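Next up, some structures in structure tokens.
Shared chain: chain A. Partners: chain B in the first complex, chain C in the second.
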Partner chain A sequence: MASNNIISLKHVYFTYPNSKRPALSDINLDIKRGSWTSIIGHNGSGKSTITRLINGLLLPDENQNTYIVVDNQELSDDTVWNIRDKVGIVFQNPDNQFVGATVADDVAFGLENRGIEHNEMKTRVVKALEEVGMTEYATAEPSNLSGGQKQRVAIAGILAIRPKVIILDEATAMLDPNGRESILRLVKHMKERDNLTVISITHDVNESIELADNVVVVNDGKILATGDPIKVFENQAMINEIGLEEPFIFELKNKLIKAGINIPLEIDTEEKLVNYLCQLNSTM
Partner chain B sequence: MSIKFNNVSYIYSPGSPLEKKGLDDVNFEIKDNSFVTIIGHTGSGKSTLMQHFNALLKPSSGSIEIAGKVITPETKNKNLKELRKHVSIVFQFPEAQLFEDTVIDDIAFGPKNFGYSEKKAKDVAKEWLEKVGLDPEIGNKSPFELSGGQMRRVAIAGVMAYQPDILCLDEPAAGLDPQARKQMMNLFVEYQKAGHTVILVTHNMDDVAQYADDVLVMEHGKLIKHDIPKNIFADRTWVKKHYLNEPTASMFAAYLTDYNFDENPLTIDKLVDEIKSNLRK
Partner chain C sequence: MSKIIIGRYIPGNTLIYKMDPRGKLLATIFFVCIIFLANNWLSYSIICLFSLLAVWATKLKPKVFWDGVKPLIGLIFFTSLLQLFFTSGGEVYWKWWIFTCSSYGITNAVYIFIRFTLIILISTVMTVTTMPLEIADAMEWILTPLKIFKVPVDKIALVMSIALRFVPTLFDETFKIMNAQRSRGADFNNGGLIKRAKAIAPLLVPLFINSLQTAVDLSTAMEARGYRGSEGRTRYRVLNWSKYDLYNLGYFVILTVLLLIFRTH
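For the complex of A and B:
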């Protein structure tokens, strides 16, 4: 039976070797097919560990109640390679993930690893580079690219495998604002075109508000909250307590209220706040 | 002891097919003890400029006055150690440069290199470990057992421990979580207040608005603007034309089309004040 959820984690525990405390405990998480999920939490909260469990880079602690299902397949020694074809990860520092001498070689690397036939490989590389707008750099050396261009190449390498899930592990954290925006726009476009599922690990609450259908807050190895980003971020006390920043729009709203300006509760997006403030000004 | 650039140009690989202008006739003066930010998009020359502050790169033409020294194209690499004690650069991903067996040894390396005794070096290392907000207990751990954010702080402590007069940092807070980045920015502000100059390369316009006394804007190796944040962001069309971003508060203010702002609000507190005064009118 095909499930509506592309990823399901049940009772997942994980302890790093030589560590006494589990890095993750009792993680239960369902991710809907074709959705955009943000996983947020401070440095060291365990958010990256979750994604490494999803594609079997790390194995959960043994526990008979634990299971991880990706695209209707339970993760096991037999299915891990299959599952890795379905889940691509883009990491934070692009310099750590380049292997090819040219951009095209680099995109081909994953395909070669999977024994894809040569002609098919060539076609896919050309197409993937086209999709990320890097065709003219096919023969360039990766080290000569800007950070944003490197991340585009990394994404091309993943698109070439034709995954169902793309995980952005703080993939835009090191980019300048223009680079970041162009990468997010690209991923959003690919997601909509191919019905990809996107999981973005980020500190950027404003990105979550703008793009995510669902947000997962991780703290101290546990899931603290999940749900619609606006609803989750309204819980100001929780956001502050775990060391994240309130989204700009909520911070502004709260400061305005403190300054004696009455803002109704239902004003929870930038657009609504702008409209409300303009209206307030014209009626004065 | 201000910093002065006089007609500084820098050419990468001169005379080769890859010849490229890194800096193009740059002139400016920075006052002592200020908090300076350098902005501009990727490839605009920000890092090239920064590498001139302690002569990692020397000008192809022009001269630089910094920390009581004059750097010209003829300056020899000998005798630069004294300059580097006074002017230090922290590059992106400084955590990649950790190498000692313990955190304390790593922080103490810089001070020892600049002539501190073994004991004095370890003492300042302990002091700075705490100043950057780390638990003293990790001092005996290997730096490679730490999380990325912790490693970053150890690397920065290693530079701050010998207290250079001029501290230059390239995106030091990128990739850190909001609380860690706030702590780090506060650390730099305190360092400036204690009588040092801090020069920060950043893409974060909210940090520029909040912390900078002075902003240098680079584009194609040229210094296209040098001013206080208020004046840098005053002309929205100019900011857009040069592919720069505005601080979040000023972007929001732009949507409030029927409001009259006495001054473009660059921080959230200024924005709240301006909204309040508009609604009172």
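For the complex of A and C:
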């Protein structure tokens, strides 16, 4: 039975060892196949923990109602390696996930682990490097690469194993604006081409507005809100309460309204706002 | 910041570069053994000639090799001097207290000097023409028989390659911490030995903590990327023997035969 949801979490609780308070409590989450989901929340809210539960890096607290399903397979000791074949994670620190001594070696690492035959491995490495535009750096050592280039290599390493889900665990947090922009563009391109599902853990509300189909707000180990980004971010009180920055478009809109310019509710993207303001000007 | 390169690999494309690192590593070890076959002027001349030929074949500047010998020059002279003054036998030219300078002493001193220098030259030939990573691969291959004694050779090899990969990263980290400490008034370059050693401690502690964090992150990333021990793993980097390794072999066979013929029996 193929489900519309690629990932399903039901009644998931998680407590870190040596901690009394659960880091996550009663998490219920469905992620649609081929969607882009942003998980946002401040530091320590538990947003990264959710992703580590999805591919079994962490195991949820024992609870008979708990289940985690990834691509129609329930996560268990027997399926964890299967699930890891389907889920690739790009971590925050570019240096701390670079295993190989050279770019090509690093891309091959995931393939080596899966026992892929040598010739097949070579083709896949070449192809993955091409896809992320790092072909000319194949023999480069990580110390000669920028943070953005290292993240590209990390993405290539994931593409090489042909996953169904890519998780960006604050993958752009340590990059400069250009690096961030180009990494997100690359992921978006690959997502559309291969019909991948993307889960992006981020602080960046503007990124969520721009790219996500679905946003999940996490605070204190609980899901506070989930749904269409624009709808979720309209709830300003909640956004402010959990200490997130308001998306630029909403901030601007509110300031304009305060300044006495009447902006209709349905204006919810930068483009619409620019068009509206231009028209406003010309009718004056 | 200058890029620190571990080992002394210098990129190039001459004959020796094309040889398999396993062959080069074995040949170097073999060289250290057969140099003891030389025991007269003729056999020493032969081995000198062959070594210089190998040096010449790298087509690298002599300075590269001089840099290899330089740090050990003191040790070489010290050992030679010991031979010179403490070997007895032959004609004695000069004697004072416990020191003797004899004809045997002179010959031995020169032999030791040549032997030492040639060993360094040949190992330099190997290290400048072989990437550290390739040397690690070659070492793994040589250690492979230990697998029957349950030595985790694959894991050792992975550890070696990760260690090599993180050397430049740790250097970068060290410079960052040094600059952070300097900007707050730390002084690493002045003062006596004890004062300098004390300045190192606040450098090592953050470096150590960072390394542990890196190790934790890296192991998470490795697990997420499907690493589950050596079983069922394939290799991306594969070493292949080629015709150049036959040249390597032939070279050493000829050298050994010549040494066996011309040494004093």
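The rule is short, and it goes like this: the second predicted complex is superposed on the first by the 284 of 284 C-alpha atoms of A that agree within 3 Å, B and C clash if a C-alpha of one lies under 4 Å from a C-alpha of the other, contacts with A are read in each partner's own complex, and residues count from 1 in each chain.
The definition used in the following text is that a residue touches a chain if its C-beta (ideal position, glycine included) is under 8 Å from a C-beta of that chain, and two chains touch if they have at least 3 such contacts.
If you're wondering where the values come from, they're calculated on a predicted model, not measured in any experiment.
J.: Which partner does A:91 contact after superposing on A: first (chain B), second (chain C), both, neither?
T.: A:91: touches chain C, not chain B.
J.: By the touch definition at the top of the document, which applies to A:244: first (chain B), second (chain C), both, or neither?
T.: first
J.: Which partner chains sit in contact with A:113 here, chain B, chain C, both or neither? Use first/second/both/neither.
T.: It touches chain C, and chain B stays clear.
J.: On chain A, which stretch or stretches are contacted by chain B in one complex as well as by chain C in the other?
T.: 93
J.: Touching residues of chain A toward chain C in the complex: what are they?
T.: 52, 55, 57, 81, 84-85, 88-89, 91, 93, 95-102, 104-105, 108-118, 121-122, 125, 141-144, 157-158, 161
J.: Inside the complex, what are the residues of chain B that reach chain A?
T.: 41-43, 92-93, 147-149, 171, 174-180, 203, 205, 243, 245, 248-249, 252, 255-259, 268-269, 271-273, 275-276, 278-279, 281
J.: Provide the residue numbers of chain C that touch chain A in the complex, in ascending order.
T.: 3, 133, 161-162, 164-165, 168-169, 172, 213-214, 217-218, 220-228, 232-238
J.: Of all residues in chain A, which touch chain B in the complex?
T.: Per the touch definition, chain A meets chain B at residues 41-44, 92-93, 146-148, 170, 173-174, 176-179, 203, 243-245, 248, 251-252, 255-256, 259-261, 270, 274, 277-278, 280-282, 284.
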